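Worksheet: the structure to be examined is printed underneath.
Letters A, B, C, D and E mark the chains in the order given here, with residues in each chain numbered from 1 onward.
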Amino acid sequence: MPPSIQGCALSSLDTNLAHEALPERQSPFLLFARRLLGNRAFVIGGSLFLIVLVLAVFADQIAPFKPNANNFRARLEAPSAMHWFGTDHFGRDILSRAIHGGRLSLFIGLSVVLFTGVFGTLIGAASGYFRRLDNILMRIMDALMAFPAILLAITVAATLGASVQNVILALGIATTPHTARIVRASVLVVREMEFVEAARALGASHMRILFRHILANAMAPLIVRLTYVFASAILAEALLSYIGVGPPPPAATFGGIIANGRDFMVEAPWVTLFPGLIILIVVLGLNLLGDGLRDVLDPRIRV
Amino acid sequence: MTEILIEARRLVKHFEPRGLFLKKKSEAAVRAVDGVDLAIAAKETVGLVGESGCGKSTVGRLFLRLLEPTSGQILHKGRDLVSLTPKELEERRRDLQIVFQDPFGSLNPRMSVGAIIGEPFAIHRLAKGAERERRVARLLDLVGLPRAAADRYPHQFSGGQRQRIGIARALALEPQFLVCDEAVSALDVSVQAQVINLLQDLQRELGLTYLFISHNLSVVRHISDRVAVMYLGRIVELADADILFKAPAHPYTRALLSAIPPGHPRAKRDREKLKGDVPSPLAIPQGCRFAPRCRFAVERCRSEDPALSIIADGRSVACHLVADGSLSVPPRLSPHSGAAA
Amino acid sequence: AGGEIVIASVQGPPSLDAHVTNAQVARNITLHIYETLYARNENAEPVPDLAEGVSVSDDGLTYTFKLRQGVKFHNGKEMTSADVVASIERYRKIGVSPALVAAIDTVSAVSPYEVAIKLKVKQSVFLDNISSPRAPIAIYPAEEAAKGANEIQYIGTGPFKFVEYKPDSHVTLEKFADYVPNPAYQKRDGLAGKKEVLIDRVTFRFIPEAGARTAALESGAVQIVETVDGPTAERLRKDSKYVVHDVLPFAFQVIKLNHAQAPSDDVNFRKAVQAALDMQEVMEISYSGINQVDGGWVFPKSAFANDAGLDQYNVADFDKAKEFLSKSSYKGETVTFITDNLRPNVDIATVVQARLAEIGVKVDIKVADWPTTSKIGFTKTGWNFWTHGFGIEPFEGPGTVMSAFVGGNAQMVADPEIDRIAKEFYATLDDAKKKELFKQFQQRMYDNMVAIKAGNYGLFQVTSDKVKDFVPFRIPRMWGVTLAP
Amino acid sequence: MRDYLLRRLISVVPVLFLVSLMSFAVIWIIPGDPTAAFLDASSTPEDVARLREMLGLDKPPLVQMAEWYGRVLTGDLGQSILLRIPVLSAILERLPLTLLLATLALILAVGLGVAAGTFAATRRGTWADQSVMSLALLGLSVPDFWLGLLLIVVFSVQLGWLPSGGYVPLLDDPLGWAKSMVLPTITLAVVQVGFIARMTRSAMLDVISQDFMRTADSKGLSGLYIILRHGLPNAMMPILTVTGIIAGALLGSAVVVEQVFALPGVGRLIIGGILSRDYPIIQGGLLFLTVIYLLINLVVDLLYATIDPRVRLE
Amino acid sequence: MSMLKVENLTTVVGSGVSAPSVLEDVSFTLDAGEVLCVVGESGSGKSMLALTIMGLLGFPVRRASGRIILDGDDITAGGASAWRQRRGRDLSMIFQEPMTSLNPIMRVGEQIGEVLRMRKGMGADTARRRAIELLERVEIPAASSRLAAFPHELSGGMRQRVMIAVALAAEPKLLIADEPTTALDVTIQAQILDLLRDIQAESGMALMLITHDLGVVAEMAHKVMVLYAGRVAEMADVETVFDAPSHPYTQALLASIPSLDSGGDRLVTIPGSVPGVGLMPKGCRFAPRCPHVKDDCRSGPPPLAMLGPAQRVACLRPFGYVRREEGRV
């Protein structure tokens, strides 16, 4: 019976080792947050996004008008002190609609991100970790990826009918394969690392290894990817609405407002111009956010 | 010989090329481990040396059944690990642990040191809360780290300190057998000495058994009781450390030792220069696998695969010429006789 | 003279086989290529086109059409009674509006230039039917008429002959050199009359984007735009380079109500909806600058126009609406409004939704493409409101308008009163009686609130000032038009 | 190399099968059917049923599927219900335009993107780098259909320089053709220029930081030579991957551009097919686009293998 | 005259006066035909020294001060392009990782030939012939058929030979080899070291060999420079370093390595670890780990004092360790 570790005498060990100077205590989270806040792209992108987010969340309080209040006597009015962004052909205030549109677009974007995040992670993790599943799962992902994403989204949305849920579903399905691939690639790298083998040697279960050790360390590319998914979901939602398979009226979405205005492009350019600019800003913000996260999370390509 | 703790018998590990469709029949498997016999006695340290890719790590992992052997047995206290159910294996795992080479890759960067060392207790549901903290603190004491280290993260520590964290984690379940896979290779010399001393102290205090894998011959020489030399998936020589280093028998061992730079500028060295590179484990030569590079090789070596057989001094050698006496084992000479005393 | 006129249209035709499609977009083109025995004139009355005339037997069951001689198909062959018989037989087999030929018993060639059609029962509207442009009973050469749906070559007797069809791009027609305009006429008259072609070619270019359509006109790439929006028309009107033609009325805007599904199965609920709506708002938002707030179920200038039930039209009174609603079985459930994705239709759904919200009715709008919407709209479940235009029906006249509601076609539950009125209407040849019956029909439409008529809308057709002698009509007729260099 | 090609070719088969299966699944769940496209608002349910039967749509889906596979294997994608012409010829007729548009945009995007990305990478951290990359980011963030609309308003309505849409065949009128392709190409390329520029920059930075670049530098070679001879070819691997992805994306975005600029391409054919339930067109079109996508990726892989000798070993 | 003379070289990370240094005040000379081994633990600045001399520092590392005189010319004077002209011709370098130091998608022949053509102005044919000669010189069998090989088709040892051939192509006056054998197996390491020594002896160039392996030092060096945390701790000829190490760090370093002859004695250890860049102690950088540290050690950097004709040391109390604990080393 070997002597117990718990009872082992410390005195016999090399005293040189004990009580070395210890680094300051710092949690990786704080360290990470500090690095993020020092990243210019993240700060600019984050602020842009935050502004839109605040506008969206407090749309009811901030928007000067009700988004769906028709007034056919004030149709297609040019921007003025009263209607900063002008009105559409229902006489609705574009600014108010854009603010509410932000809410729906962000909701859709966020839902797509969740959808993709969950399914992409599950599929990617499963095929990266359980190599038996890899071939079949990845062939399915390949097939989904071989459909041009936007056509896939249009097909799904047109097929199932235009509604917020279907738009989310369509974009979710279209963005999941790539996400799954990214997670898989990352899992493949992490699963070969020695701390994973150490966990196996300690007798940890597959689930524990996968979630606590592998996924926790394979998240960086996913998080970066998700910010870009967010951005492209907003773009794609706008496109679907524009093609007419987006959320039904009177819902204000960026794409919907643009689609509403496209028949009057020349006569009332503000109807299309401003929502387009707002999309540009939101997407720009998200992309910057993603860049910032990537710089901090993936030091390999840090600039 | 004392009681055998763990033993490999005819251990083979081939890595098959992957691919569901289109597996080509002609594609050879990587014969990483190709028939290894190795018995390790309780409380001894067996060194495993050899050049890169010869299969050292694979042997180490097989001993812990972190890899499924292609064939062969691993007997731990008389039970074949390969035949164990997952449940039984989980129990055995507490007796068998491993310390890795890479002080950066072997610790989960997202977990605090306390969580890393406490992970074994969590996995086996041995201790929780304050009790777990107490045990972690003891382990930190044991490897000479301050207790406050528990709430720091791996990235805040130096290589030597990280390696000690890895050792603490491996010791948490109070194992008897520890595979040290290049445990000091990535460390700077000054720190390397700290870890080697620690490992030796622990062995003395806790009665541990080590399989010490390294390509650094002087380190192996320093720490090992017995040394096994591997070449292309096979053990070619196995002997007491002193004997092996003073009087290498196998032509490969001889060449390996003579390639080590001397410890002193005035030390003379008569090199046995080895020609060429190690062949790929995809295409292991016929006959004796060392024959193509061996300067003593004869016809028989190229056709007949020599088995590891016992010669004098309790050493085993896999060489036809040594076995039949046509290649005499040199007298016990010090390879660097001119070194400063 | 000569030259090519390019017309910008919204979308391409599903088919150029006139028998199998009744889409407006197809009609615009097919009526240039094919002709019918009788056709509608400027006032939508049936007048001879390929026929010289018709004689009706005394029992009103046999119609003998005398064909014009020397009418050439685009393939050079002369048209004879065999072609006519074959074409009508084809239509009876695969025509997309079988109601038009439902009364026919037999069709036979009496002589090379005479065709006799025998009816099963007397039908007051038979000539209206045979001349309908809805899915016209176009006369094809007999060998083409032997082919299946969509398998024909596009050969007719019309003033233009088919050149090419590039789907999603354009259809090109060219002047049919051997065309002999109907000598019975001096000038163009609706879809009949003297069809004299003064240009060489006409191309229908399909440009879905409204802005791009206008841009094409302004850049000179097209000379005629089939339809523009109100604001655009207003702008172009100020520019002397363009002529904006108001085609008003062009169609009804109708909100269909599903009588087979709660809560729109309840007449009080339906009346509540009608009472809540402000038709000026509805029409002005969807068809700004080109609409009529008119509740009649025929166009205002029609001889059948009357004011029965109109006191219930365009009330725009929320109190009254709430009163109706409280009498109804409506319990606050969500009501489904389906519409295709044509902007004005979506606009109407949106306006109705906002309006009904004021009286506490929750409306859920489902926008889909036309196929999906019409699939749902012709079933008894899944919808309460459905809005779209009624174009060809009012053009054809009260009979056709009624037929849409006969047997519960549109409202999903037959209305015996309407069925009775229609039956009597089709059977009588007495004009005064027909007018009286139609008045009853209109009254019933309001009393039972079978469907809601929102108003009439029109089209702005815009031509470049180079296009001379263009007279707007339901379809942009390219005969009689010249192009200034 | 031939082995490699063969292996890659065979690996496409299961993907194709899955894609065709999925396009059938789409049709099973699709509500509505093609009859409606022929019909007018006041048609009756009887009219619909009649037409359905006539078009052969009343057969069970499995029968339709079996028939379809039978034909596809002989190269026949069936007849379009609406257009009444073989699907294959409908697609082939429109393919050149879509491919041309996508190719022009790809050339523009790759040319401009690689140049900009390389430029920025070699001037990393300077204002030039930052402004080029900001532009790239802007390009990446712009909604393409919106940009198309703006371009029409500015260049065709306000300035009247370029046509607002419509396709002019090259042989009819080369100048008109060139003019008609300018706005669609730009609209299509802008997003991808940004994408490629960013990708190139990061690939170049990756390569620049690698040991062999330092080796090249230690040889005393000139900076430009090192970038062009050692840097770019190695950076081509990720760029090529992106190009393969982009080529697929371009085929998708071409749909939008075809819609905005009224161009008769495959994308609009398929959208039209979806909207009018022309099943053979949807299936055939999707299958065809997938094949093209897979072909492009095959070409990318082969390019990979030509550029990087290590790939062939895999 | 020395082939290479380095004077007060300081290399820093980042800009500004307070930028932390990775090399501080490094001076030494190296003669033609001489081998200087630079030893030190990981992070001590060995590679930075090599790259500084080569002029290959990349953003954000830069040379803050000091001169580098090669064969009488100050190569720091002419700016980046003049320095570039020197590389490949007068100065060459071999790197640690033979796996990554060769362009993976370029044929070996081209990688050698490009130096010959661009730096020596040879024609394609001459360059090819010369490349074969070079491959033969570095003992690559079947040299002419290897020209068309890609790096991944060669073993690690072969690749390192190719790297040497590349470095030798323009017959440099100074060759810097940064841990050329660390990534190789001992048997291959021995081959490569033999090769380097032969070539160096034959061509008479100066060789600066960077290593952390004292065995390699013993085998190869004429002169040894021990770096600790970016500063020169000790500099002497090789025998002096092994026989009479004077800096406590050098002494501890030698003592901490297990030897092949000694058995399982307890190893001498140095507590702590090398300080990181920017975390350097004020005075002697080894002070926190030094067993003989006194207060004055912490006041300022000890000068590199001359101890003997061939030995300089940066310590206020050299040999202290030996004197006090005689017999343990």
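Here, a residue touches a chain if its C-beta (ideal position, glycine included) is under 8 Å from a C-beta of that chain, and two chains touch if they have at least 3 such contacts.
Here's who's who by UniProt: A, D = ABC transporter permease; B = ATP-binding cassette domain-containing protein; E = ABC transporter ATP-binding protein.
Remember, it's a predicted structure, so these values are computed and weren't measured experimentally.
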- Message: Taking the touch definition from the top, what connected groups remain once chain E is excluded?
- Response: one piece
- Note on the structure: Chains joined by the largest number of C-beta pairs are C-D
- Query: Using CA atom averages as chain centres, what separation in Å is found between chain C and chain E?
  - Reply: 91
- Task: State, to the nearest whole Å, the distance from the C-alpha centre of chain B to the C-alpha centre of chain D (ABC transporter permease).
- Result: 54
- Task: Round to the nearest whole Å and give the separation of the Cα centres of chain C and chain D (ABC transporter permease).
- Result: 39
- Could you please state the distance in Å, as a whole number, between where the Cα atoms of chain A (ABC transporter permease) are centred and where those of chain E are centred? 48
- Item | Multi-partner residues of chain A (ABC transporter permease) (at least 2 other chains) | 14, 16-17, 20, 158, 161, 262, 265-266
- In chain D (ABC transporter permease), the residues touching two or more other chains are 14, 31, 124-125, 149, 152-153, 157, 259, 274-275
- By residue number and range, which residues of chain C touch two or more other chains? 209, 211, 214-215, 368-369, 372
- Hey, which residues of chain D (ABC transporter permease) end up touching chain A (ABC transporter permease) in the complex? 14-15, 18-19, 22, 26, 29-31, 124-125, 137-138, 140-146, 149-150, 152-153, 157, 202, 205-206, 248-249, 251-253, 255-256, 259, 267, 270-271, 274-275, 282, 286, 289-290, 293-294
- Message: Show me the residue ranges of chain A (ABC transporter permease) that touch chain D (ABC transporter permease) in the complex, using the header's touch definition.
- Response: 139-140, 142-151, 154-156, 158-161, 231, 235, 238-239, 242-243, 255, 258, 262, 265-266, 269, 272-273, 276, 279-280, 283-284, 287-288, 291, 300-301, 303
- Note: in the complex, chain C contacts chain D (ABC transporter permease) through residues 14-15, 17, 20-24, 94, 96-99, 134-135, 149-151, 166-170, 205-209, 211-212, 214-216, 218-219, 221, 368-376, 378-379, 388-393, 400, 403-404, 407, 409-410
- Task: Spell out the residues on chain A (ABC transporter permease) that touch chain B in their complex, using ranges where they run on.
- Result: 2-6, 8-10, 12-14, 16-20, 22-28, 135, 193-195, 197-205, 208, 213, 216-217
- chain D (ABC transporter permease) to chain C touching residues, read off their complex: 31-48, 50-51, 54-55, 82-84, 90, 93-94, 149, 152-153, 156-157, 160, 163-167, 258-265, 268-269, 272, 274-277
